[in-house]
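What follows is a set of structures to go through.
Next come two complexes, and both contain chain A; in the first it sits with chain B, in the second with chain C.
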Partner chain A sequence: MATLPAGVSAADFNAAITKFKAAVGEKHVFTSDEDVALYRDAYSPMWGTPQELLASAAVAPDTVEQVQAIVRAANEHKIPLYPISTGKNVGYGGSAPNLHGSVVLDLKRMNRILEVDDRRGFALVEPGVAYFDLYRHIQEKKLKVWIDCPDPGWGSLIGNSLDHGVGYTFGAFRDHFGSHCGMEVVLPNGEIMRTGMGALPGSKTWQDYKYGFGPYVDGLFGQGNFGIVTKMGFWLMPEPEAYQSGYVSVPKRHDIIALVDHVNYLEHIGLIGQPNYSSPLGRTQRNEPDLRALVGKAGGPSDEELDRFGAAKGIPSWEVELQFYGPAKTVAANWEYARERIGASIPGSTFRDGHSYRFPMTDEQKAAVEHKVAVGIPAMSIFSIGARSELNPSPTDGHLWFAPIIPKTGEAILESQRAFAKVYQEFGLNVGGIFQTPATWIYRAFVMIVGMPVSRSNKEINAKSMAAFKRVVEVAAEHGWAEYRSPPAFADLVADSYSYNDHALRRFNEQLKDAVDPNGIIAAGRGGIWPRHLRGGRKA
Partner chain B sequence: MTNRREFLQIGLAATALPVAGGLFASGAEATVAPSVPKIPLYKVLFDDRFAQGKAFGDVASNLGLACHAMQAGDVTDFWYHDLDLAWRAEPKPIAGFTRHGPLFVLEHFGWDRGLRVVFRAEHHSLGGGVIEHRLSGPAESLSTAAALIPAGNDWVRLMAATVTQCAVGCSQPAERTVVTRGAASLPDDETFYSWVIAPKA
Partner chain C sequence: MKMRVLALFALMGIATTGFAAAPGKAQQIAEGEKLYKYWCSGCHGPGIGQNGAPYLPGETALRAKYKGAVPGLLHERTDLTPEFVKLFVRQGITIMPFFRKTEIDDQQFDAIAAYLTRKSKTK
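Then we have the complex of A and B:
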């Protein structure tokens, strides 16, 4: 029996289902328990509990016109819809709705690649187009552009970007929402709207210039619930001639400050792609019981103690991988420049060459690339990792990502390591710590991401992770940091932390929501934005 | 940096397994009754890092089935160069012996194309050569579960034969747990899966 949305009668629900079937065909409306179960969040910390957020049904349209018909029927019967693209965003909720009992609007049948132009460097796609699909299209047509994809690459370009997803190649291409250009949206009243230059009928620049004229409304549809995106344009990186990586190591903990400043300069002036930071000293903990003892002592180690340990063992505190893209001559020259610049500034810094590639690559060369996403090749290899460990006791049951944004400085790294480590230790979680380095997907900020374990069989693990999550969101806010993405279970909590001027941002979003979607039928709760009739149930 | 990959990699157990002798004892091939229709498999996937994976693949190959050995446990190559294209034409059944990750991926991809996991067996070491097998699937196929027990080390071969001759369209899905004992073991912290993915009935 369907899990009805709150406040929706069985009569209204059944009437809507009948209209959905008329719009898309009976075989594309899913109401059986077996079919609806496929839309559960595979990594939900509330799996199998009364709190688990479940869909009531799912409907899978094939055209924009069918989406419009579904939206009109949903409005008529006040049925909450939850749009998904391919629903592969495990770790951030997957295909499960924010509002229990919503009907999932599954857009994966809308999977047309509408246009790819490798001269102007863009693609226009529908929601069901996955990164693998666009990659295949580009390879088959021998187009001279790259995708920038997340890892794993099985998700949708539109779905990933609308959740502010990120990637691994060069500059602003890693910001998937930021590198989009133009949208088509079905509004909550069933109308079709095109944004940016697309609002000009017959526009020839829809995917060239983002802003059109007047307010830039695209942002409302990212992590928002003001409409259903049915087409989206993306800028694509030109295929470079060459790639070169190089590794820079610095000896002392506080060298991270100068190192980050140099790397930021290299990145922001356009010489490198995504930098990858790590701690060689941190990695040796597994084999160095003395280091583990030092790290684990009451009050933690001082930076000087760690520097002395590292110096005695000849192990640097930090390392960064720099990735250069472009003509072969310039990548070599830029790597040389980086070595000179950093070497002159940080005593004891050392350098070694990494990988070197030329493009286009043969299939054999592509197969040999270790970190495929860095050169625009989608992969699923991340799912081949996942052994059980203290850090990850139930790897098959997934994890929760806690992903706070911190300033792009070495000082912020050092401060956040210790601030978060206290919380993780308090909850007995073996994550983060004083050797944690940030994720660098986001072009102009750092993300100190950790994964908290989830278990379908051990409710204590889930309770601990959820409690830790709540506490660490609070600690982050106290330091002026906040999450940039969240699974549905924590959307209200995270949204609540954005509380400047008595939650002015949320109140503004709610005014817009009431005006644009008065029946609250689109993605209720997404981004912490609830329709008027459900605001009392906000979880934060 | 504790990035996504490092979070999943920390504590990775040793993957080398001892190659057990006598893995291919004779007489462990009869599974589902000949009169019961079998799922016609497009391909059998196995993880060739493990002796049990290779043994599974050998049985499938000896049965005349097309096989794919996953490199480094990575399903990407199989998906992109083979299965994605095959499934665009038609939702074809596949079987395999893998760790959880590849099964998770292929199960989710299969959902998009109207396929489901119709047979699943989890193989988990309890230590000392004792392995617990939790099976779910067509009752006709699970009738062979009891034969796993005396099979000992030969359980892989019997499981491969069961999976590759999985019965079509079960009316009554069943579950069963059996325990085998033998000299060879799986890594203590790993669960392996034998499975069949086929179009939903």
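Then we have the complex of A and C:
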């Protein structure tokens, strides 16, 4: 027996299912327990509890006309729909809905690559197109463009960008929503809308100019619930001639402040792609019991104590990998410039060359690349982190991503390390800490991301992670930081922290929601935005 | 002659799939190999892992789990059964999530299972 959406009668639900079957064919409507279970969030912290967010059914259209028919039937019978693209947003909800009992609208079958132009540098795709698919298409056609991939390549370009997903090359391309250009959307009333230049019949520039004329509405469809995106354009990076990486190390804890300023300059002026920060001192903890003792002492170590330890062992506090893309000559010159600039400013800084590649690469050369996404090759190797291994013999069953945005400064790194570490320590979670360095996908901000463990068999682990998550969201907000993305279980909590002027932003969004989707059928709860009849159930 | 050999194998209860697959079966295995490469080899294929780790995550995990008792690469295993493969494809394991039928439908699953069990001694 299906889990019915709250307030929907069995008669209405069954009538809607009949109409969904008429629209897409019986084979593509999933109602059996076995099939619907495949829409569970594999990383749900509420797995197997009455609170778990489950679908009631799933329907998988192949065309935009079928999406329209589904939306019309859902309106008629007040059925909540939850659209997914490839459904692989694990750690942020996977393919499960924010509202229990929603019918998942599975867009995986809509997987057409409609256009790729390597002269103007764009692609136009449907939601079911994965990064792997577009990459293969580009390789087969020998097009001279790169895609910017998130970590797992099985994700959808559209789904990832609509959740404000991020990648690994140049800043302008790493922001996957920011680098989109033009959408086609099925609105909650079943109408098709095209945004930007796409609103011009016969437009020749839908994927070239974002804004068209008048208000720019695309933002409503990212982490929102105002429509179902059925096509989307993305800007692509020209294939560069060369890639070179270089590593910069600095000795002291507070050197991170000057280092970040220099790296920001290099990045914002366009000389480097994504910088990768790490802590050589932090990496030695595993083999240095004295350092572990120092880090574990009551109240934690001071920066001076850590500097003394590092100096005695000759281990730098921080390292950053700089990645240069472009003509071979300018790549080499830019790395030389970076060394001179940082070397003249930070005493004790050291430098070493990293990887060097020329493009296009042979298959053998591609296979040998250690960090494939840095050169636009989609991969799944990120699962090395967290998978079972000799060092991790008892892996978790997934994680919850806590992803707070902090300023792009060394001061913010140092402050947030200690603020968050205190919470993680309090809850006994082995994440974060005083050597944590930020994720740098986002062009103008840092993300101090951690994955809190979840288990399908141990509810205590989940309870601990959920309690820690709630607390750390509060601590972040007290410091003026907040999450850029959230698992569904915490969407209300996170949205609640964006509360300026008595939640003016949320009230505005919900006013729009009432106007655009009066029956509240599209992705109720996504982005913390609820239709009027469900606002009483908000979790925060 | 070939028919006689096949009949003999059949009488002896020996699965012939691993020796000379029937045309339909061979086609299914070939299709399964393609699907396996598309859906599974990103983690379970040969290759280096994150930041130069010696193996991709699937092989790393199975090497750690079985400690050499079976190959770390699934397509080299000779002990798999369709039921065993289905368990992981439809239920996942640790950080590997399960796959929906819009990703791998039942027919495609059967093809993947045929590919992964083509060398199996137990049918």
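By definition in this document, the second predicted complex is superposed on the first by the 529 of 540 C-alpha atoms of A that agree within 3 Å, B and C clash if a C-alpha of one lies under 4 Å from a C-alpha of the other, contacts with A are read in each partner's own complex, and residues count from 1 in each chain.
Definition applied: contacts are C-beta pairs under 8 Å (C-beta built on N, C-alpha and C of every residue); 3 or more make two chains touch, one makes a residue touch a chain.
From a predicted model like this one, the values you see are computed outputs, not experimental measurements.
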*So, does A:437 touch the first partner chain B, the second partner chain C, both, or neither?*
first
*For A:449, is the partner it touches chain B (first), chain C (second), both, or none of the two (neither)?*
first
_Quick check for you: in the superposed arrangement, does A:380 touch first (chain B), second (chain C), both or neither?_
both
*First (chain B), second (chain C), both or neither: which does A:370 touch?*
second
_First (chain B), second (chain C), both or neither touched by A:277_ = first
_A:258 in the overlay: touching chain B, chain C, both, or neither? Say first, second, both or neither._
neither
*asked:* Is A:534 touching anything from chain B or chain C once the two structures are fitted on A? First, second, both or neither.
replied: neither
*Looking at the overlay, does A:217 come into contact with chain B only (first), chain C only (second), both, or neither?*
neither
*Would you sort A:30 into first (chain B), second (chain C), both or neither based on which partner it touches?*
second
*Kindly list the residues of chain A that each of chain B and chain C touches, one partner per complex.*
38, 42, 86, 88, 108, 132, 152, 154, 367, 379-390, 392, 395-396, 399
*Where on chain C does chain A make contact in their complex?*
38, 42-43, 47-53, 56-58, 60-61, 64-65, 90, 92, 94-103
*Along chain A, where are the residues that touch chain B in the complex?*
38, 42, 86, 88, 108, 132, 136, 151-152, 154, 276-279, 367, 378-392, 395-396, 399, 431-433, 436-440, 449-451
*In their shared complex, at which residues does chain B touch chain A?*
1-5, 7-13, 72-77, 79-80, 84, 99-102, 104-105, 108-109, 111-112, 189-191
*Where on chain A is chain C touching in the complex?*
28, 30, 34-35, 38-39, 42-43, 58, 60, 86-88, 90, 94-95, 106, 108-109, 132, 152-154, 367-368, 370-371, 379-390, 392-393, 395-399
